[in-house]
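Following are the structures in question.
Common to both upcoming complexes is subunit A, partnered first by subunit B, then by subunit C.
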Partner chain A sequence: MSETLRRKTFDPGRERGGAVPKYYEVFARKNSDDSLSHVGSVEAPNDDLAQVRAWYIYDQHHWTEMCVVPTEAIIPVRLGKHSTRIKMA
Partner chain B sequence: MSTPVATAEPAARTALQNDLLCVADTKLVLGNWFAECVMNGKSLPDFAAMLGMCTASYGQTRAIYHWLDTLDHSYGHLEHGRGRAEIRSMDLLDPAPENWQDFIVSTWLAEQATWSMASGFLRNPDRTVAGIARKIGEEAYFHLKYAAGWFRIIEASDEEGELLRASVTRRFPLALRWFGPLDAADDLHAAGLRDDPLPDIRAGFVGEVRSALKPFGVDATGVEATFEADWRPDARRTGPLPERLFEVIRFKDQEIAR
Partner chain C sequence: MTSQTVERDDPREAALRERVRAGYQLEDPTQMTPRYRDVLVNTMHIAADLEVVTLPTYSPAIRTAPTLDDKIAIASACQDELGHAQVMYRLLEEFGYDTHHFLFERDPHEWRTFQMLEFPHEDYIESVVSMCYGDRAGYITTVDLEENCSFAPFARSLRKVNFEETFHVGHGERWVRFFWNLNERSRQRVQEAVSFYFPLCAAWFGVPDEMKKRTDQLAYKIRGATNDQMRQKWLSQVVPFSESIGIQVPAHFDEESGRYVLDYEPPIHLDEKTRTWDYDRRITWEEQFRIWKKGSRHKVPSISRLHHEVWGDDLW
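On to the complex of A and B.
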């Protein structure tokens, strides 16, 4: 590689918002009769980028409402010996 | 069916088409910026966001071309038939981005300026024009939020903040230039085809820029645009599009483009 070319670097702290990827869960509905449903998740370093990335990745419908929730804000509820699990993208 | 624009005074009718073509061509170049820079995105979700903003920009360009085709232009000529001297994009987007911070600043300024201009047509008597302006605003919400998200990351680093400030120094006067000289008459507003006088729209743009740049200690007060001898008011740009940029943005093959 020529010395004049710069190698592309990845800085997790800067580009993910921390050493560990930060995820957001995405919920959306097509119309006011629908319930808000989980449609997927996105990785983003902050709330602004999470909203934009969710909007463009989950664009399969003309949603009337979309919300993102930091995965870390979700509190799993146990039922007996079972626990809820959030599937990561 | 005749529309309010079709029956407007010839000068006002031409001026409205000129301003919308400036918005459309700027969006064409902006869309190409996203397409060319997508592999510099920082992650897979970032690629998707940049491609989404690319297609949204192209969509706005084509919607305006279609509207112009109903008046004094031909869609085919607008999309495929023009040389680089006929493209009316913003001077701001002529120089390629020098780094990621410059890319974010440039696309943000272009987005903010075009949305400011389009917002002057939200109550246009031509419903198609008003609809296009509303759609540009809806999509600008996400495009501007993308920049806001990156500003928060850039703000956390002194080195990156410095690169951002250097970019603003270079690009902000070019964004201001797009609105034309401060003392220019606004014939469109006088004809009832622009909701607010252009100086007010420009002032709104400057206010948004100042507010967003406050965390970086950038004082945009007193920054003014300069105008070269080959400034073209009808194109809101200086001279022809640079040759290399034109090679990037022009449709290479009419058949493939379909």
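On to the complex of A and C.
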């Protein structure tokens, strides 16, 4: 019993890739006619885990295509003062 | 929470309320006023807690579910709910929340859970009744948020959530019918579970509108419908469903007012141990608030399981 009452440990280096969380945007389409759409985002320390987490969390459809993109790799296109940055969900 | 009682209604607040009433949607925290931010974060915080507590509530039924398919159905519902929580954590991180602390380190007493989700299911019948009646109540609130929430990222994220919740409700309905017709014993168990869950689900929507003190959720269009409107929507679905099968529920359609009404006047007394309601024994709202705030006797042990248990110790 005392074994099971051990609090879960968390290694931010392994689970988060460091002290600062790293985010990935998730894009998917249901079939080839569909546009590739933003379906949400996940936090992950590396590309591999980002794929796993995206697949696990956004499993509401049988997607034919899904990709993850590091949020920091996305260059927002701005028109004057209007922000068109990637939104959080 | 407390900030709503603090007087700080500067012109920016009124201007934002005006804009969201006209259909304006916000995309990120920089566009928010303090009061808007408070009521939004509070709403998402509770929504995230409610998704996670479904795990210790539903998981005992994985062991007792009669077939492998049923075990998979419950496990899959739990996986869905955790996915919904992840989506909400992702949003909350934009507001300075640390997910690991929020999920694994926060004192279980501080979790904001609702009574409907605080009783671990004793068997599979209780799980399907809970899906049919309780998940439907949850679905009505999250659909309202998806359709009305002025914070667009939250509204968008709920598309996935609501899409998956329809499966839980559908699964619940199908199996409630099945067990009602299986044999006398299972029918009795369905009735017993519905009798326990019905008042819990009706209370899910909160206090009656005339008692509601905090109105920022509606004023800032975080949600669109009032407590009573959502409760009415839930009643208009579960009462005809139950009547068509023969399940007795403490509510009916009132011809005169054209509305569904409860056959009892809440709040009423619940014996937690026997899970039975005493419809004739009214308690005061103060007592009810105290009970809701404290949580059922299962609340803290359930959340502690999430904090300590590795790979579901008593699952297999």
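FYI, the second predicted complex is superposed on the first by the 78 of 89 C-alpha atoms of A that agree within 3 Å, B and C clash if a C-alpha of one lies under 4 Å from a C-alpha of the other, contacts with A are read in each partner's own complex, and residues count from 1 in each chain.
The working rule: a residue touches a chain if its C-beta (ideal position, glycine included) is under 8 Å from a C-beta of that chain, and two chains touch if they have at least 3 such contacts.
For clarity, every value in this text was computed on a predicted model and none was experimentally measured.
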item: Subunit B versus subunit C as contact partner of A:Ile57, first or second or both or neither; value: both
item: Which superposed partner A:Leu36 touches (first subunit B, second subunit C, both, neither); value: neither
item: Winner by number of subunit A residues touched, once subunit B and subunit C are compared; value: C
item: Subunit B versus subunit C as contact partner of A:Ile74, first or second or both or neither; value: neither
item: Intersection of the subunit A residues that touch subunit B with those that touch subunit C; value: 10, 15, 42-43, 53, 56-57, 59
item: Touch list for subunit A against partner subunit C, complex; value: 4-8, 10, 12, 15, 21, 23, 39-43, 53, 56-60, 83, 85, 87-89
item: Residue ranges of subunit B in contact with subunit A within the complex; value: 42-43, 45-46, 48-49, 51-53, 142, 145-146, 148-150, 152-153, 156-157
item: List of subunit C residues in touch with subunit A within their complex; value: 27-28, 79, 83, 86-87, 90-91, 93-94, 99-100, 104, 152-154, 156-157, 160, 163-164, 307-310, 313
item: Residue ranges of subunit A in contact with subunit B within the complex; value: 10, 14-16, 42-53, 55-57, 59
